[in-house]
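One chain, subunit A, appears in both complexes that follow, with subunit B as partner in the first and subunit C in the second.
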Partner chain A sequence: MIYSLIGHYSLILGLIAGLVLFYLSFKNFKNSIFLNSKILTFTFLQFFFVVISFLSLVLSFIVSDFSNETVFNNSHTTKPLFYKISGTWGNHEGSLLLWLLVLTLFIFIFLLRTKNQPVKYKILTLVFQQLIIVGFFIFLIKTSNPFNYLFPVPEEGLGLNPILQDPALAIHPPILYLGYVGSSIIFSSALAATSLKMISPNWAVHIKNWILISWIFLTLGILLGSIWAYYELGWGGFWFWDPVENVSLMPWLALTTLLHCIMVLERKSSLTSWIIILSIATFTLSMCGTFLVRSGILNSVHTFANDPERGLFILIFLFVLIFLSLFIFFFFHKDEKLNRPSFSFLSKETSILINNWFMMYFLSVVLIGTIYPIFLDIISSEKISVGPPFYHKLIIPFLIPFLLMMAIGPKLKWIKSRLNDKIYLILLLLGSILLAFLILKNFNQNFLINTILISSALYLFFVTIRDFFIRKFENISQNIAHFGFSLLILSILFNNLFSSEIITNLKVGETFDNSKTKIIFESVDQKKEKNYDSIIANFKIQSSNGKKDKLSPELRIYNQPVIATSEADIKTTLMSDKFMVINLVQNQDFFNVRYQVKPFMLWIWISVILISFGGLISFLKKRL
Partner chain B sequence: MKKKILPLFMVIVFGFIFIVFYKGLEDSNIYTPDTKIKNKIPIFKTKDFYSGVSLNSSDIFKFDKNYLLNIWSSWCVPCRQEHPLLMELSKESKIIIVGMNYKDNKKNAQSFLKELGNPYEMVLVDLDGTIAIDWGAYGVPESYLIYNNKIIKKFIGPLNQQLINEMKLLVK
Partner chain C sequence: MYGRKVKLRFLFIVIVLITLILTIFLILKSLEENVVYFQSPTEIKSLTELKNSKIRVGGMVKKGSIEIKSNEVNFVITDYKNEISVSYSGAIPNLFAEDKGVVAEGFLKDKNFFSATKILAKHDENYMPPEVKEALGDK
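Let's look at the complex of A and B:
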């Protein structure tokens, strides 16, 4: 009760701090020799109030204060402490509070850490960021207050959806938000820099750090979500092209493109329009994602609540931001056509430009796949569903030239260059094609597209490996990231091509046997935990080469809310994952058993970590 | 000249997107047929929840009988609230309650019925939510009182005692 009050009033104080900041900025902007120290104080205060508010919500969850509506809807006394805490952001209201926390945290650090930049620029960045922050304050307080009071106080809460009671998912939102919401600072500062006409190499060096931070967290956040989907949703896939996954992928694509562009701008004034538009796009895509997911306009497994009022607010807010940024872009930004140095055809900039267009293509595929069903529905009342085949068909063919560009592009020197070690590159290409052909031949999978795809991924793989040796530490971050990407594509391809699956119904004591694998259903155990009861089935697996494994998938029946979930048992080894889930067959003593062998699963995760590690090195390099 | 066309074009494009999203938000009934009072019930095909047998709507609703079609789902919290009322209602023989399991996981739905009881004469499956659209449902839970293959009254949101009383009056 008391926490709710503290939380609620902190929110209001934070909003007031935002309004004060507008006033202070306005005054300081006119007379801008020094940054008014009050501005920093109020930015800190605002951040502080949001922290207080957030902590009070966390405390309400910890003490199970069911007079708080959010806690009542999403918690239960029997939940372990860890999930009580993570329940804070496992719902609409709490996750929006997390939004605010990241927004205010980022602007505070931004003001603290930004030196050697004009005062006007700092103030203007603050104003744009405050515009977003105040918008979200109002949104939170008006439509999704996490501190709504319930009377009479319920005895017990409704509980957190069991599929959200998972360690990976508990830390997934904070990490993802650091990237997803963190892109707001790029948006604000790009708008500020555009208005002040200071999009320059100097600015690029400064903003690159922020892009890297957002990018690293966004990459890791997406990874965590994907790992969770892999073992919790129980289908053995790691990417479902669900709208919610797509809305996190779209800002990632925009941000990755932006990261590449900013490297050009660091060296010379070009691609400025690209950079501004991408900075705007990254954040608006994040907002758009929030709108699509939270308004209930899309039906997704992650939709928390269908509330048109909330949707309408974000929609209007989103378009205010879009039109504001369009106005600033067209009004202030003049593309410097005159002093634009002409690109030569074989330069690194051209390759980055080509990269940009590929990324934009991938982005539009995902964007269209996500929102086209809505458009069609509204314009022609026709319902369609866009699934993996759409994305696969449109993306995979274009991956081939993309991978090749990724291998060759970084080899081209800035501005003018010639391919200095052509022979090596060509030899590697031929080697990759040969190897890909042999691999596929060996496994009797002879599709031309696969051969070409694997060749090009292998090519990037070898080229980057070679670079580790010949270029040593020069450009190591880019090399690691690109190497990681080639590994990712290779792992995904091999994973898709060489996965095998057995689905069967078994009783206790029965054995399934095909020529390659023997599955023995040994026994069933029962276990009682605080928040669920579970049935554990013990299986022994023998493969034809004599290897034995024990797998024990679980069925859990959570008590609040009562939901049954299947917990897959996964044996991860370096080269492949053995994945097993069971389901009950209604009114029978059979279990439906699903056993999959998924090669290179671990490498998908490792390669994404490598990719973000590349970003981390780039971020740290300047500091050391 | 060229400088002005582009901004204008962008404004129009984004304006259009805005309108579409706005419409999508406002008129969730834009693709749902009007369910006016005494409207005919839609014709649809579905499956029986337990046996998985295919059913036609004409096999389900007979003339001269009162039906209550209740759209529910195990993940829907208000459904949980109204469930005891349905259980009570099912004890009276005047209304036959038919459940329509909306966008649900079979396992979860089963445990839901196991825990709270099964008030339904028959449970139908609407896995992708399209049948609910035919009925003009806005969401779950939603209930339709049916007589002579006509919708007498539509109840949006969870039922409460007052609505149940109203329903009983209508049946008389």
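Let's look at the complex of A and C:
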């Protein structure tokens, strides 16, 4: 009760702080020798109010204050404390409050840490950021207030969807949001820099830190979501091309492209228009992600609660931001045609540009695949879905030149290169093709496209490994990230090619036997926990080479709300995962059993961690 | 005549345009091939010709219709006006139950028989795919 009051009024105070900041910025902008110290104070105050508001929501969840509607809808007294806390952002209202928290935190850090940049630039960035922040404040207070009252106060809450009661998903939203919201700083700063005509190498060096931060968090956020989907949803895959996954991939693609372009801009004044467009696109796509997920427009298996009013608000907000940014871009941005350094075809810049085009292509494929069904639904009310084959068909062939460019590009010089000392590149290419051919030949998987794909991934793999030895610590961040990417593609390819799956229905005591694998359903145990009952099925697996494994997948029936979830049992080794999940069909004795052997699963996760580690090194290197 | 620079730039623009058109064509073409349409049992009954492409059928699982064997599951999808028999072998999602909404993906054998390759999982028992809601009308 008291927490809701405090939370609600701090939100309003935060909104007022935002309006005061507009006024202060306006005054300071005209007379801009020093940054008005009040600006910093009010930015901090705004952040402070949002923290208070957020903490009071967390406290409401901890003490299970069911007079608060959000708590009532998403919590329950029997829930473990950890999930009471994570339940705070496991719902629409709380997750938007988290957005706001990160928004205000980032602008405060930005003002604090930005040195050696003009005062006008700082103020303008603040203004654009406040535009977003105030928009979110109004959105939160008007359409999705986390502190709504319920009267009479209910005895018990409705509980959190059990599939969200999971450690990976507890930290997935905050990490992902740090990435999403980090892109808002890039957006505001790019608009400010454009208005002041200071898109220059100097600005690039300064903004690169922010790009790296959001990129690292976005990468890790997507990884966490993917790991969660792998073991919790029981489908045994890590990426389903589900719209909700796609909307997080799109800003990642745009951000990755931006990261590479900014490295060009760090060295010479080119690609400026492109960089501004990418900065705008990244944030717009992040906003779109929030809009599509939260409005319920997306026809997705992930869809949770939805409300058309919210969707409309974000949509209008989004259009205002896009319109504003395009206006600034067209009226303020002048492409400096003077002192442009000469352009050479055989340079790092060209290879980055080429891969930019590929990234944009991947982005458009994902974008079209995601929004086309929505579009078609609106104009013809026909319901369709776009499945993995669409994405695979359009993306996989283009990965080949993409990977080759990734291997060769960093070997070129910035301005102009010669090909004399590049014989090893050709040797490595031949080696990779040979190796890929031998691997596939050995496993009777002789498809042309696979051979070429594996060759090009192996090529990148070897070229980056060679660099670890030859170039030591020169450009180590790029090297690690590219190495991670080659490892990722290789793991995914081998995982796809060599996975095997058995799906069958078994009763207790029965045995499934094909010539290779024997699955013995030994027994069923029952267990009672505080917030769920569980059925544990014990299986023994014998493979033809005599290896024996015991797997015990679990079926949980949660009491609040009453939902059954499958907990997969996964035996992870370096080389492969053994994955088993069961489902019970209502009123039947049969258990639906799914057993999968998935090679190199662990390496998919490791390679993504390596990729973001590359970003981290690049970030830290600048501070040392 | 035009200088070399103008010619180069012109060539560049032409290449970009051609690539763009090809890309859009490629994307739209494979979209056409890989799109999965959603249909209700009633819509299937009114079909004039059976296409050999993948579709989704949605509705409710008819009460008492689930029949499970060691290698397949048979059930009936109904929208309370018409119904269709489904046979399926594969993983069954947790919320698959009688009198609950379901979406099955697969191929039509004829107007009364559907062979499913996938049954879609849902996260929330109160959640009903929008298509199912619409297919069921006011129910």
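Methods note: the second predicted complex is superposed on the first by the 614 of 624 C-alpha atoms of A that agree within 3 Å, B and C clash if a C-alpha of one lies under 4 Å from a C-alpha of the other, contacts with A are read in each partner's own complex, and residues count from 1 in each chain.
The definition used in the following text is that contacts are C-beta pairs under 8 Å (C-beta built on N, C-alpha and C of every residue); 3 or more make two chains touch, one makes a residue touch a chain.
This is a predicted model, so every value here is computed, not measured.
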| request: Determine, for the superposed arrangement built on subunit A, whether subunit B and subunit C clash or fit. | output: clash
| message | Quick check on the superposed pair: does A:583 touch subunit B, subunit C, both, or neither? Answer first, second, both or neither. | response | both
| query | So, A:563: does it touch subunit B (first), subunit C (second), both, or neither? | reply | both
| Dominant toucher of subunit A (residue count), subunit B or subunit C | C
| said: With both complexes superposed on chain A, which partner does A:438 reach: first (subunit B), second (subunit C), both or neither? | reply: neither
| query | Just subunit B (first), just subunit C (second), both, or neither: which does A:322 touch? | reply | first
| message | Under the stated touch criterion, which partner chain does A:430 make contact with: subunit B (first), subunit C (second), both, or neither? | response | neither
| message | Applying the document's definition of touch, where does A:620 land relative to subunit B and subunit C: first, second, both, or neither? | response | neither
| said: Let me test your reading of the model: by the given contact rule, A:504 touches which partner, first (subunit B), second (subunit C), both or neither? | reply: second
| request: With the two complexes superposed on chain A, say which partner A:575 touches: subunit B (first), subunit C (second), both, or neither. | output: neither
| message | Under the contact rule defined above, give the subunit A residues that sit at the interface with subunit B and also at the interface with subunit C. | response | 161, 299, 383, 385, 561-564, 583, 586
| query | Within the complex, which stretch of subunit A touches subunit B? | reply | 73, 158, 161, 291, 295, 297, 299, 306, 308, 311-312, 315, 319, 322-323, 326, 330, 374-375, 377-379, 381, 383, 385, 557, 561-564, 583-584, 586
| request: Enumerate the contact residues on subunit B facing subunit A in the complex. | output: 3, 6-7, 10-11, 14, 18, 20-28, 30-31, 50, 74-75, 77, 80, 103, 107-108, 110-112, 115, 128-130, 133, 139
| Touching residues on subunit C, where the partner in the complex is subunit A | 19, 23, 26-27, 30-31, 33-38, 56, 66, 68-73, 89-98, 120-125, 127, 129-131, 134
| For the complex, which residues does subunit A have touching subunit C? | 161, 163, 233-235, 299, 301-304, 357, 361, 364-365, 368-369, 372, 382-387, 389-390, 393-394, 503-506, 510, 512, 555, 561-566, 581, 583, 585-588, 590, 592, 594
